[in-house]
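Common to both upcoming complexes is chain A, partnered first by chain B, then by chain C.
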Partner chain A sequence: MNYEGFCTRDALVNWLDDLAGQVSLVIPVNDSGFLLYRQVVSVADIAWLVGESGPSTEQMYPHRPVLAVKEMFFPSTEPLVKIKKKAQQVLLEETLPDKPQVVFGVTPCDARGVRIMDNIFIEDLPADAYYTRRRENVTMVGLACQEMGESCFCTSLGGALDDPSDMDIMLTEFEEGFLIQVVTEKGRSLLGKQKFYSDTSTLNLDQVTNRATHAAISPLIPIPDIEAMPRLFNHEIWDRLAESCLSCRICSYVCPTCRCFDLRDEMLPSENGYECYQRIRCWDSCSRDAYRRIAGGHTPRATEAERLRNRIFCKFNYSPRQYGLEGTVACTGCGRCIDACPVNIDITEILGCLAEVVNE
Partner chain B sequence: MPVLSTKDGYEPKIIAYLCTWCSYTGADTAGIARLKYPANLRAVRVPCSGRVSPEIIMRTFDQGADGVLILACHIGECHYETGNHRTAKRFPILHSLMTFAGLEKERLRLDWVSASEGDRFSKIVNEFIATVKSLGPANWRVTSSDGIVVDRRMGVSGSDRVDRLLARVSQQRSPTSSQQQFVLNSHTANAEKSSAIQSVARQLLESGEVSLVIGYETGPRGRTRPAFINHPEDVDRLVWNQECTHNLATYLHGRLKTDAAAQSNQADEERSKRIAVVVKPCDSRAINVLTVENQIQRDQVHVIGVSCEGILEGSGFKSFADDQNSPYAFQSRCQSCQINKPVVFDTLIGEVSESRKIQVSADLISSQELWDLTPGERAEFWLSQFDRCIRCYACRQACPQCNCPTCLYERDDSLWVGMGTGLNEKRTFHLGRAYHLAGRCIGCDECEHVCPVGLPLSLLNQMLAQEVEKVFSHRAGYSMEASPIVSKLSGEERLP
Partner chain C sequence: MNRKVDKNQMIPYLGKITQVNDLAADIKLLGVELSNGGAEAFCDYNPGQFAFLSAFGVGEAPFGIASTVNRGNVLEFAVQRLGSVTTALHELGEGDYVGVRGPMGNSFPMEQFQGKNLVVLGGGIGGAPLRPVIQTILDNRNDYGHFSILWAARHSSLLIFTEEYENWRMAPDTELHLTVDRADKLWGHNIGLITDLLEKVAPSAENAIAITCGPPVMIHFTGKMLSKLGFQPKQCYVTLEARMHCGIGKCGRCNLGNKLICVDGPVFSMAEVGELLESFL
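Let's look at the complex of A and B:
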């Protein structure tokens, strides 16, 4: 692995504090007991970051915020265009996002989710202008995970705790500070502004890298073969797996790769005699009962079982086939949906059941 | 809204909903008599004050009104017999809800004006406008510089008192706070209840009395979760422990509904079979409410009531009951619950006692603590909470009483609330939902437990339950009585 350098915790904190003054800096912070990406003006109050004793559970070492980093690129609500109307005159105002941002503390699974979103929003033409613009504006600084969470299964899907491949800059923590890898040019230009790190010649790199690579890896979970998926479509197992589903949207909203949205025109207060409207896009979820409802009230996926099947098929069958995800699936193994589901519908349990059915 | 430097030059926006039969005519009478009142009043003529729904009032404030005045016929003089009774019943509940969420209570007023009372009309309007003017612009409407993009509040306010409360919100669910003196069930007691539930379920399924038993099971990661048992050979999956948090009555309505609204592949006759459901004492109250609201037929359900010593605040993965020495905390609903016997059941499992011991943890926020704040501080508290909401609707989906086929706040035409995740929209949804549950919420707190970002929704529900009890002497679900909020004013109930 090619390391650019290393820095102490203090140097990193100082660098981030400077950054916060220059650009919009987003960091996972503890908001009422929940770790959420928030824009900060200073990093001094972020316990997990400035803590003397380094990462500890009390300081909520951010192994994974409640919501994925996708909200930086695909926000829960996004204005697409503003419409102003006076008599026969209609004006359209573009509302493309233009603010450069830096996100610090991105987990490798989340960054992988962004790559999957790229396949869908950018590489599958036509590219989505809003997503593309945000993607250009945002620099992702990753932080390697110290350990796997209880519901994490990224390693089963080809991920790793210190995988730098989808970041702009990757940091790996060790006793004395952080190792820095520069992955993209965007990352380099962010670092280029200030030399706050030194080179790695004085360090025993073997010991350092050992920490993340030797962290306890959870047992691998079986993933059903994509070629076998179509056979599972009409299987009765879905009824049992989805029986307790409440049809809320937690699983999609916390997911780093779920990207369904709904569009609507809503009225704004009028301005100087113009009636104003805006077209917004908001997150949507295939787990809700009215998703895909059509005129006349017909819903093609009326039962919880059909909706759960769609969610699993979308991740492990439809998306890989449609968007050429190079043999991977549209799930990063972050385990958020497992933790957040109110009735404990567990994607690893579902995959296990499916693999069992396939092997029968 | 333009910011004005002094209160003197400020002219409030007042919206008045006037009943066409009385106060609207009363305004005319005042005009004919050349009585003076300020021009701030924008009158909206309505066919009856009963037609002014709480959603309209909330929407009016959302859109930037500084004060809302509702003028109705005197009780007994309604053109439609009881329209103003409904207004009178809804109003105190809405008023306390909006005040609790941070509106100054003087900004919303209901009064009675008949067609001939021109002088009374002008007196009320003058009074009201003077009061609102002295308060200055309302702090209700939230605008953000980024337009619709959420303005991040980060749980920090300008007030120490609010900050202390905000800090406690995060401790509410933490089992590391002091252990409580409630009795933890022994493994034997849980095992006895589990096997009793299993044998009842087996007997019901074998005899064909029910086609489905809804109970609890342990998932592969040790979490307790809802289980659906269709065959006698599967009943061994059923368990009872102190992590049985879900209110399983939520599932009844969808599975028993036989009308056309239930869009399901299942055949109607299958849906109309009987279902057995395991309920805790709090959950059992939902059975009463569902029955009295005709969402289920009582004889369609075999209620397996289980006595309850309190449910633990689970961490999700660790099972506290496995280690009697590990820190544990009872869920907030259990800390103040005295009832360990279900209010309705067909089979009762476990020992019941007269009452449970109450011990409320010092961390728990009470609604009184919020009432002690200023309106501005309360607004700050609630906005910093609602800011976290992602509108996943888990609160609504988990609620046994949220059973409208289409939620008012999710209409395709954005009539009452937009689709986005702005603070205004999120607040409107949560307050509106709380209002719809007033007098119907049985206090199971499932909305709060399922919330992925821990909104303290039970505070809203508890406060409204207290108000409903104060005004109408009604407690939801304790008996087969419908909520009194949408009915005729009865003799002993007082006017606001």
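Let's look at the complex of A and C:
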């Protein structure tokens, strides 16, 4: 590992506080009882960051936020164009986001999710203008996880608790401070000339290596082979797996790689005699019953089983093929869908069942 | 990551409605003229491609383009009133503006069809994206072999492009067969499903291509009948639809297995999607 430097917790907090005054700083905070990536104006009262102890701190950190960092690039609701109408006249105003942002405390699984979203929204041409703009505007500062959460299985999918590969800057907690890795040029320019860190030559870094190997010994979830997936398509197992599904869609909304969206026009207050609307896109989910309805009212994938099957296939077969994910699947192993599901559908159990069927 | 975005694909061109014609009960043909970048974007679209139409303030929906570039600059769309967007489009008149995004998707490989005998099967509003195929064949009649058009609708009042049937019939080496599920008293043609009509007409599969568009259940059973008549999957083409929202492979709503209808389609050969169609029913 190539560490740029080491900083104390206090130095980090001061640096972030400075940043918060200059750019929009986003950091996992307690928002009405949920840990969410949210913009802050000061970091002084963020308990987990400033190192205060207490029950709330233990609950909230280092577990990942409830919603993935994807919402910084692909918000749950996003205006695309403003529409102004007067008689037969129509005016369109593009509403591209334009705000530099630093997101601090990104989990490695979330950064990996962003890489998968990059494949869909940027690498697969034509690129999506809104996502691309947000991506350009955002610098991601990662924070290594200290341990696997109860529902986490990132290591089964090639992730690691301190994987820096999809960050701009990566921090790993070490002794009384943080080790700093600079991953991209964007990360380097964010650090700038402010020397709030020292070099690592005097530190004994063996401990860090130990943590990285810790991940390798956690039990791995079997992932069905992409080539074997088609054999599972018509298997009766889907009926059983989806038996309790409520089609509530929460699995998609918390997922770092679900990217289905809906498009609709919403009315805005009128301006100078113009009727005004904005065209928005908002998250949608393939587990919704009418999601796939087509002209004439026909609805393919009418059952929960077909929809669950589509979601699993999308992650482990379709998206890797459609978007050339190069050996990875469109699941980061963050385990959010397991925590969020109101009827305890567990993707790791599904994957286990599928692996069993494949091996029959 | 430094990919430049040449154009924001989600911003529609403005299109002026220049004509509105009633095609059938609750189906209108909108003629739309584009200017500025829109006219350039649509200067060489191909049969089978689709576009999004916006009714501003209500929303947007995809439609197969029902016209061909060779017959003029006006884009034509057959719009059946079914939901909020199509209802709003039906309320517009000449001089009103709609949004247009496109042209999108692949198209029918018309050049590969040259020299072949062609069977076009259109069901209901599904006939709209096949009209450019028919027009291309009729405009270049010598390039193609025998031409059969099998045209169907649930009711005789829902048949589209009725005013053009005479031209289709009059074209050399061309036959038109009509069928409806139910008809009014003056109906002098077949009554029944298009699959029954197909079995009766029984076009030869030799050196032939079949092209189908209609409701999923029709596509499915037409495919089975074509197979019975000796058509191989690679000889059968379909054009599919989904309630998609981007047209550029992002919104995820139009997947058919690992294909996306918007970018991999909407035109597919049955060799590509035959098995996947089961999940479409």
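Assume the second predicted complex is superposed on the first by the 343 of 360 C-alpha atoms of A that agree within 3 Å, B and C clash if a C-alpha of one lies under 4 Å from a C-alpha of the other, contacts with A are read in each partner's own complex, and residues count from 1 in each chain.
The definition used in the following text is that contacts are C-beta pairs under 8 Å (C-beta built on N, C-alpha and C of every residue); 3 or more make two chains touch, one makes a residue touch a chain.
What you are looking at is a predicted structure, and each value in this text was computed from that prediction instead of being measured.
A.B. asks: Give one of first, second, both or neither to describe whether A:358 is in contact with chain B, with chain C, with both, or with none.
C.D. replies: It touches nothing on chain B or chain C.
A.B. asks: Applying the document's definition of touch, where does A:325 land relative to chain B and chain C: first, second, both, or neither?
C.D. replies: Neither chain B nor chain C is touched by A:325.
A.B. asks: In the overlaid three-chain picture, which partner chain does A:77 touch, first (chain B) or second (chain C), both, or neither?
C.D. replies: Only chain B is touched by A:77; chain C is not.
A.B. asks: Quick one: classify A:264 as touching chain B (first), chain C (second), both or neither.
C.D. replies: The answer is both, since A:264 touches chain B and chain C.
A.B. asks: Considering only touches as defined above, state whether A:344 meets chain B (first), chain C (second), both or neither.
C.D. replies: In the superposed model, A:344 contacts chain B only, not chain C.
A.B. asks: Name the contact category of A:50: first (chain B only), second (chain C only), both, or neither.
C.D. replies: A:50: touches no partner chain.
A.B. asks: For A:292 in the superposed arrangement: first (chain B), second (chain C), both or neither?
C.D. replies: In the superposition, A:292 touches chain C alone.
A.B. asks: Looking at chain A, which of its residues have contacts with both chain B and chain C?
C.D. replies: Of chain A, residues 262, 264, 267, 297 contact chain B in one complex and chain C in the other.
A.B. asks: Considering only the defined contacts, which chain A positions touch chain B in the complex?
C.D. replies: Counting only chain A, the residues touching chain B are 29-34, 36, 38-40, 66-67, 75-79, 95, 150-151, 240, 243-244, 246-250, 253-254, 262, 264, 266-267, 269, 278, 280, 282-283, 285, 288-290, 297, 299, 302-303, 338-340, 342-344, 346, 348-349.
A.B. asks: Quick one: which bits of chain A touch chain C in the complex? Just the residue numbers, please.
C.D. replies: Within the complex, chain A touches chain C at residues 80-81, 83, 85, 88-90, 92, 94, 96, 118, 120-130, 132-133, 135, 233, 259-265, 267, 275, 277, 279, 281, 284, 286, 291-298, 300-301, 306, 310, 313-314, 317-318, 321-322.
A.B. asks: Write out the stretch or stretches of chain C touching chain A in their complex.
C.D. replies: So the residues of chain C touching chain A come out as 1, 3, 5-12, 14, 54, 56-60, 80, 82, 95-97, 99, 124-125, 215-217, 241-243, 245-246, 248-253, 255, 257-258, 260, 279-281.
A.B. asks: Which residues of chain B touch chain A in the complex?
C.D. replies: 63-64, 147-150, 152, 154-155, 166, 169-171, 173-174, 219-221, 223-228, 246, 250-251, 263-266, 316-317, 384-385, 388, 390-394, 396-398, 406, 410, 412, 414, 418-422, 449-450, 452-454
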